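Below, chain A partners chain B and then partners chain C, in two separate complexes.
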Partner chain A sequence: MKHTLQQVFHSSKFVTGFCIFAAILLTVIIYPIFVPNPPLEIIAQGSFFPPGTYVSTYDTVFSSKAYTLNLPDAAAKRIAAKLGDKERQDIKDYLVLVGVPEAEIDTTNTIQLLSQWDKNYDPSKKISGMIFSKVRYYERLNKSLTGLLSEEGLILAAPNIDTGALEQIGTINLADYVNIKEVASVRTLPLGTDNFGRDVLTELVRATSVSLKIGLIAGLIATFIGLTLGLLGGYIGGTVDDVIMFITNLFTVIPSFVLLILISYSVGQEHRGPVMVATVIGFTSWVWTTRAVRSQVISLRNRDHVNLSKLSGHSLFHIITHDILPYIASYVVMALILQISSAILAEASLSVLGLGPKTSIDPTLGLMMNWAMIYQAQILGKWWAYFPVLIVIALITFSMNLMNTGLDQVFNPALRD
Partner chain B sequence: MKGYRRYFLNKLLWLLVTALFAFILNFTLPRLMPGDPVAAIVARLAQGMSNSTGMKAVYEQYAEQFGTNKPMITQFFLYVSNVFQGKFGASFSQFPRPVVDILKSSIWWTVSLQFPAIIVGWIIGNVLGVLAAYIRKGFDKVVMPVSLFISNLPAFGMAVILLVIFAVDLKWFPTSGGYGFDLIPEFSWRFIWSVIVHYQLPFWSIVLIAIGGQAIGMRSMSIYELNADYVKYARFLGIKDRKIVGYVFRNAMLPQITGLALAIGTMVGGALVAEIIFSYPGLGTTLLTAIQGQDYPLISAVTLIITVMVLLANFAIEIIYGLIDPRIKAAQTD
Partner chain C sequence: MTEKKSCLKGVGLTKVFGLGRNKNMAVDHVDFDFAEGEIVSIVGESGSGKTTLAKMLLGLINTTEGEIYFKSKKRDIRSQKAKKEYWTNIQAIFQDPFSSYNIFNKIDALFLDCINMRGGKKLPYEKKLEMMTEACSFVNLKFAELTNKYPFELSGGQMQRLMIARIFLLKPQILLADEPTSMIDACSRATILDMLLKLRNDTGMTIIFITHDIGLAYFVSDKVFIMEHGKFVESGTADEVILRPKEAYTKRLLNDVPKIHEEWDLSTVDIKAK
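Up next is the complex of A and B:
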């Protein structure tokens, strides 16, 4: 046993796969300790907030201490944030449309461009051929540009409770800064929010753990059924084997995907939790294990040590557990790894079809994918809603297949490099 | 030819048995569903109806129409005879459009998308696999990890990635549909061109996934073959490497054909989900709308059609395999 483990951990493929898998597993275990928020808590109003750190504007204004920093590039940055290359080009297009000669417009000269804009922009003016959305776009642009070049700060005012009139309560200067650590409410969303306004990273970690559980349950069920049928068919032979092989062949050609759809649909929405989906997947994917185990057992059945065991009068159970199982243990482990990874994929495919686990407590990788697809994240360019999910799915199955290939090379010398 | 005929009849019998079994599964599984489907429909129709005799009449009418008031075995024969006459009933979600009509308009999209894609992916994958096994070194170091990683992406994952890169960012191809939304199906160059353009992304996403899986299988198969005695003997005889690779390819190919027969069900399943990502007007998208609309007759018909398609593809591969494999030829001469 020790020697085998040593050999296994010498295979670079197995070790790479094992490391990736262990890293995923550790993240799934450790992350919730540091971020105990419920994974499906809706924190954002609106959908698909981009990744980043969110600082409360209100708390920023009232943070205990204001610092004055004189940074030379602050003004340039402020302008760049409002006035990118695209906006400059749009302004130029507008100015050309209203009759400013193109040669006079210099998109790199901000002051001149803005003064030209101020002089020529008129929201009430009708420009023929301009679609309505473009008109509204220029209105918004104009609003955002107001006061961009001003040198003075802003005045904060609040209504007086008695009179209702606005009274100045403070000013914000251009060079005022706050330290983010002193702001009361700051939330970092490394992967933004999803369509329902939930933190994608927290959701993803939870989804990974649920999907791994689904994979494990489905894999164990499939391997157990496959192992039992394969051992019985291979060792006993005769009619039992014929019946088992008939059923196995039947389920080999009937696509398991179709069975999955039919069973999941028949089970009904209310009963379809993660465990149920895992069980259904397990009960539809045992075929390959049965075939592999059976052919192994047939080649072992007539070995001398098995015959000796039979002559010694050992029971069927004893022969199978002591004389046959140890020889096929490596195959069974490899089959289990493959079953787990394919079960995770099966859950994802089912969920994309809308037949995944129906639950408001646990997300799964497939459900996250389904939500992102329904809300068209891929078309809207909201990569953080679906791309991390795909990466995690691919990493899990990739690491498992690497481990499997590594094991294969250890136990099948012909495949070794 | 006598031996081959026996092989053929054997496979044909197997096709019929599996088809029968598929019918039984398709018939029984949804009927195990808790609750009475007719009662559910009637409840939806009779909302606000207070007259209990009226509701009973509605219920009986629908029970008669769907045949749920007859014994199970009669229902089954009714179902099989209906299927053979192409009567799948009316769709719930697109009422009163008959299910056959919906299937007719979507099945050809799926057939002409998936089978070419799977076959092209299979061929390219096998060639790459042999090359990886033969050249080893640099090529193998690149092809193996890449194909391993690709084959581990779900088919819909590849579809999403291709969609985002080539349709959303680069705008080379359209994002969805089987043809331009401003066109009606007709035989004109504009329509055909539109179909070809819309075909590319779904096609290549299925091909790429198939390549990955096949290349890995073929590589290990070829490594086994390259270590076989006949290869060493051929090397001693001084036969050119190119010719030896040809032999190895042919021998490693046979198990790969059986592999294709066994894997085609899984591949079709994955490709159906890939269709959904592109809203391709095939069976996958039809299945999605059926599930979303709780459209039971449509789901049952689509799954049945998919099963029959896979069974037929399987049968075709087995028949071709029988013609190619020398061992079956040898059995014929006995």
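Up next is the complex of A and C:
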């Protein structure tokens, strides 16, 4: 046993797969300890906030201490953030359309370009051939460019409670800075928010854990049924085998995914929790485990050691558990790993079709994909809503298949290098 | 010569594999009567049905036709209990020692199974230990060295000796040895055969010795049955069959025995010194 484990951990494929899987598992366990937020809490008003660190604007203004930093490139950065190459080109295009000679326009000269823009831009002017969205775009651009070259600071004002008149309560200079650590409220959303305004990372970690649970339950159910039927059919043979193979063939002929969809649908939205979905997946995917185990058992049952065990007067149960099962144990473990990974995929496929678990507490990987799809994240280019989910699904199945291949190399002498 | 009591008798034993065109008569209406304390050899080439016959005798596969009588009583092994009862009387040594053992069980477990089967389940452990040590010393093995070891850690010859130790513990009335020496080297072969003979002499068990080596059969057996295509083509005492063969098939088998030297002739050398 110890020797076998050593051998297994010498296989580089298994170790790679195991490390990836262990990393995912550890993240799933440890992350909720540090971030105890409920995974489906709606924190954002609006959908698909991009990934990044969010700093409270209000708290920034009233941060306890203001620092003055005279950074030489601050102004250039401020301009660059608003006025990129694309914007400069758009301004040039507009200026050409309203009749400024092209030779007079220099897109690299910011001051000249902006003064030309201020002189010539007129929102009320109708330019033939310009589509409406472009008109709105120039309006937005003009607004954002206002005061870009200003050297003055801003005045903060608050309405007086008694009179309602605005009173100056402070100023903000161009060189004023706050230390982000001193701002009271800062929240980093590494993967932004989803369509409902929920933190994608917290949701993803929780979804991974639920999906792994679904995979484990479904895999265990499928392997248990497959193993039991395979052992009985293979070892007893005769009529028992015929009946078992009849049922197995029946399930093989019916596409299991169609069966899965039909059962999920008929179970009904109300009863379809994660455990239910896992059970349904488990009960439809045992077929090939049965066939594989059966064929292994058939090749084992006429071995001399089984005959010897029979001659020693051992019962059927004893022979199956002591003389057959240990010989196919490694095979069954490999089948279990594959069953788990395929169950995770099956759950994802079901959920994408809208037949996944009904949930208000537990997201699953498939459900996250489903939400992203319904709210058109892929069309809107909100990659953070679905791409990390894809990566996690791919990593889980990849690591499991890698472990499986590694085990196969250890236990199957023909594949050893 | 006094008439010995019948131990195992077969009447019209037949085993058919397959159906229709694929029908294969592995064993074809075979009759025999093995007496108590005899060593009987069944000789034939590969595929002649020796092992199928052995498995039928052991009750590991069903017979298609025919009856087996154990001590003049019709064998009935339909229930698990009856099978267990039958298997206290008949045991086997298989051809390949390397596949005969469950590689997950230690040698102790193998012996303890045998003791349990002989009804020694409630014996104190010291007594069991004593029995196991005795069995091992019978086959020139030291139990102290074997305890806590797995069978696959031993050599082929040692494994086969372990098998004989197992038989020694079980003390069945019939031992079916299915080519017990074909997978091991010549030196171990002689040791194994000696042990089988000793076992017979000590306990008076009937040994059915299945082999393809007619020389070996001559060396150990009282009676020889020659099997060809599922049928016994010739039978009789070892001297009769081997020294004065009637059938062409037997002669062919005899010719297949490698001669060490052309002057060396089985008929002139009396190696059967018992």
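In the analysis below, the second predicted complex is superposed on the first by the 417 of 417 C-alpha atoms of A that agree within 3 Å, B and C clash if a C-alpha of one lies under 4 Å from a C-alpha of the other, contacts with A are read in each partner's own complex, and residues count from 1 in each chain.
By our rule, contacts are C-beta pairs under 8 Å (C-beta built on N, C-alpha and C of every residue); 3 or more make two chains touch, one makes a residue touch a chain.
These figures come from a predicted structure and were not determined experimentally.
Undergrad: Using the superposition on chain A, decide if chain B and chain C clash or fit.
TA: fit
Undergrad: I'd like to know which partner A:261 touches here: chain B for first, chain C for second, both or neither.
TA: After superposing on A, A:261 lies in contact with chain B but is clear of chain C.
Undergrad: Which partner does A:304 reach: the first (chain B), the second (chain C), both, or neither?
TA: second
Undergrad: A:312 in the overlay: touching chain B, chain C, both, or neither? Say first, second, both or neither.
TA: A:312 sits against chain C, while chain B stays out of touch.
Undergrad: Looking at A:322, would you say it contacts chain B, chain C, both, or neither? Reply first, second, both or neither.
TA: second
Undergrad: From the overlay on chain A, compute the angle at chain A's CA centre subtended by chain B and chain C, rounding to the nearest 10 degrees.
TA: Rounded to the nearest ten degrees, it is 60.
Undergrad: When both complexes are superposed, which of chain B and chain C contacts more residues belonging to chain A?
TA: The partner making contact with more of chain A's residues is B.
Undergrad: With the two structures placed on a shared chain A, what shortest C-alpha distance in Å links chain B and chain C?
TA: Value for chain B versus chain C, nearest C-alpha atoms: 8 Å.
Undergrad: From the superposed pair, tell me which chain A residues show up as contacts to chain B and also as contacts to chain C.
TA: Shared contact residues on chain A: none.
Undergrad: Name, in rising order, each residue of chain B that touches chain A in their complex.
TA: For this pair, the touching residues of chain B are 14, 17-18, 21-22, 25-26, 29-30, 32-35, 136, 148-149, 151-157, 160-161, 163-164, 168, 175, 220, 223-224, 227, 262, 265-266, 268-270, 272-273, 276-277, 287-288, 291-292, 296, 299-300, 303, 306-307, 310-311, 314.
Undergrad: Within their complex, state which residues of chain A touch chain C.
TA: 303-305, 307-316, 322-323, 326-327
Undergrad: Which positions of chain A touch chain B when the two form their complex?
TA: By the definition above, chain A touches chain B via 249-250, 252-259, 261-263, 265-268, 341, 345, 348-349, 352-355, 369, 373, 378-379, 381, 383, 386, 390, 393-394, 397-398, 401-402, 405, 408, 414-415, 417.
Undergrad: Provide the residue numbers of chain C that touch chain A in the complex, in ascending order.
TA: Residues 55, 58, 60, 80, 83-84, 87-88, 91-92, 94-96, 99-105, 113-114, 117 of chain C touch chain A in their complex.
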